[in-house]
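Two complexes follow with chain A in common, the first pairing it with chain B and the second with chain C.
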Partner chain A sequence: MNKIMFFAHLRDAAGEFINMEAAGKTVAQLKAEVAEKYSLQNIETVMTAINEEFAGNEEIIQDGDVIAFIPPVSGG
Partner chain B sequence: MNFEISKEPINIQSVIDKVIQREAGAITTFIGTVRELTYGKKTLFLEYQAYEAMAVKKLEQIGREIEERWPGAKSAITHRVGRLDITDVAVVIAVSTPHRADAYDANRHAIERIKEIVPIWKKEHWEDGEEWIGNQKETLAYPGGKPEGKDLNE
Partner chain C sequence: MDNRYSRQILFPGIGKEGQEKIRSKHVLIIGAGALGSGNAEVLARAGTGKITIIDRDYVEASNLQRQQLYTEEDVAEKLPKAAAAEKRLKAINSDVEVAAIIGDATPEFLEELIQGVDLIVDATDNFETRMAMNDVSQKYNVPWIYGACVGSYGMSFTIIPGKTPCLNCLLRSIPLQGLTCDTGGIIGPAVQMVIAHQTAESLKILAEDWEAVRTAFVSFDLWRNEYSSIKMSRAKYEGCLSCGENRTYPYLEAENMMKTTVLCGRDTVQIRPSVQGEIPLKELAGQLSSLGYEVKGNPYLISVDLADSGERMVIFKDGRALVHGTKDLIHAKSVYQRIMG
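After this line comes the complex of A and B, so read on.
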């Protein structure tokens, strides 16, 4: 099982997090799937973190990984 | 804890105290505050949200970058989250170095990197609406889906 976390405008659309089976999928596949399910906007600008580190679109998700979708940041 | 996310107002002096060292000849302090007008549009208040665990890691990464690039530098950063009103302090960065030029440069590096790699977001609230702000530096075009090269490893 995987925890998928959302932030900023994605959180407003999809909630704080969901749990789903994502093992074996690439980051890009998961992103596309979740974006469609929750009608997420601007998903092409969203980065991804696996276990609190930035991950590329081709990385394969393992069971237990915590995934976070990271919209362009605006701190400071 | 030199790198923190805070739900409470930031005590500026406590951030500065973390970088005091006998080897230092300078401490620079950057204080980021909530601006009322952005391109003529009036902000009522802001809301900051963080992916706290990862944000702390990325602030620590910035601290390591500074130590590597400016030998002898010590840094501390606290970023606020939650609702902030106009003039409130959103972020405090303190850097101490043996010589002053490095303290300015390293401090500038820290704020620019915060705007690139630290997972913190702000929502602007206006009289006629609200919106999560992104793409401040227009660096969002990460073709691989993540920051590349120096953004990851520097």
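After this line comes the complex of A and C, so read on.
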């Protein structure tokens, strides 16, 4: 099982976190799935962390990994 | 004023030697909005040798809630932010050389501005400028500190050429629509928290305490009581066009820049963004109308009345936009990026 956490405005659509089975999927696959489920826009440029470490789109998720989606913001 | 920096010199991370280093350094701050104001004030008070600050806008009433260098008088006079910032910074610390530039930080201009600069502080409101800043930083080997905030949420990351991954490693492309303060709102403490992270990093770099520089990507949400730190050691992307072996500095090339044109005979500027892609028009319209903007639309475009400045902007599905009510290219670009990020 995996815990998937959402940050900033993603949380308005998807909530604080969800638990789902994501082992074996790549980050890109998980992004696509989650984007579809919660109609999240522009998920491609959302940064991903696995167990508090940056993860690229090709990275494969292991059982028990905690995944966080962190959207870069631009206000200044 | 021998006593002026005594408390900072007492701090072991800086000391007398660190203070002398800070005194000898030149910082370039891109943007004089909320982050620019705060960063500039801290660095001026800390005794930085020279501060160059560039901004293309003037002070408006809606800035005063969080942009700490400005006053009601500046709003009444419609002073350009760079000019108002210069006046205030010189009043705060006359030891500091302040160069204020009223203008647009285009890639071409950034290559000029970076000469002799030791550090760039990001205080801009859009990713197009940040990507250009990132390329200039890599090309001329000058560190920069990313900072951004919206709502109660903020983030910062320090980029040191040759050591850390760069912004292009992390994003790989310009986010099509980043949330901005004009679309997502913003509270003062989120601004201050980003400023605290950016200025702490600035002081470490200016004092040359490289060991102390933060390598993690920080993000926080002050309303939801969260703080997270992400390790970035594996984020460096070998094929990165900005910092990889076969680098081309793509965001310094003309074809990757946003294009603005005055439409002949009409009081209108057309804006063509550097990235092509589909804008979620319905969501954007919903967001803007919930913020009180007058929005009309159909499946192909939305039209937004910008009551603050009197213009109207029409945004098409492919990201192209028309700003009606101005012939000023820089102003139109600023209006566009405030909404689109």
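In this text, the second predicted complex is superposed on the first by the 72 of 76 C-alpha atoms of A that agree within 3 Å, B and C clash if a C-alpha of one lies under 4 Å from a C-alpha of the other, contacts with A are read in each partner's own complex, and residues count from 1 in each chain.
By our rule, contacts are C-beta pairs under 8 Å (C-beta built on N, C-alpha and C of every residue); 3 or more make two chains touch, one makes a residue touch a chain.
In this text the structure is predicted, and so the values were computed from the model without any measurement.
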Clash-or-fit label for the pair chain B, chain C on chain A: clash
A:41 touches, of chain B and chain C: first, second, both or neither? second
More chain A residues in contact [chain B versus chain C]: B
When the two complexes are fitted on chain A, the stretch of chain C hitting chain B, from 98-106, 134-142, 152-160 or 242-250: 152-160
Overlap of the chain B and chain C footprints on chain A, listed as residue numbers: 7-9, 11, 42, 45, 47, 49, 52-56, 68, 70-76
Interfacial residue positions of chain A with respect to chain B in the complex: 5, 7-9, 11-12, 27-28, 31, 42, 45, 47-49, 52-58, 68, 70-76
Residues of chain B defined as touching chain A within the complex: 32, 48-51, 53-55, 57, 79, 90-91, 111, 114-123, 131-136, 139-142, 144-147, 151-152
Contacting residues of chain A [partner chain C, same complex]: 7-9, 11, 41-42, 44-45, 47, 49, 52-56, 68, 70-76
Contact set on chain C toward chain A in their complex: 31, 33-36, 122-127, 130, 147-151, 153-155, 165, 170-181, 184, 186, 217, 219, 221, 224, 226, 228-235, 237, 280, 283, 341
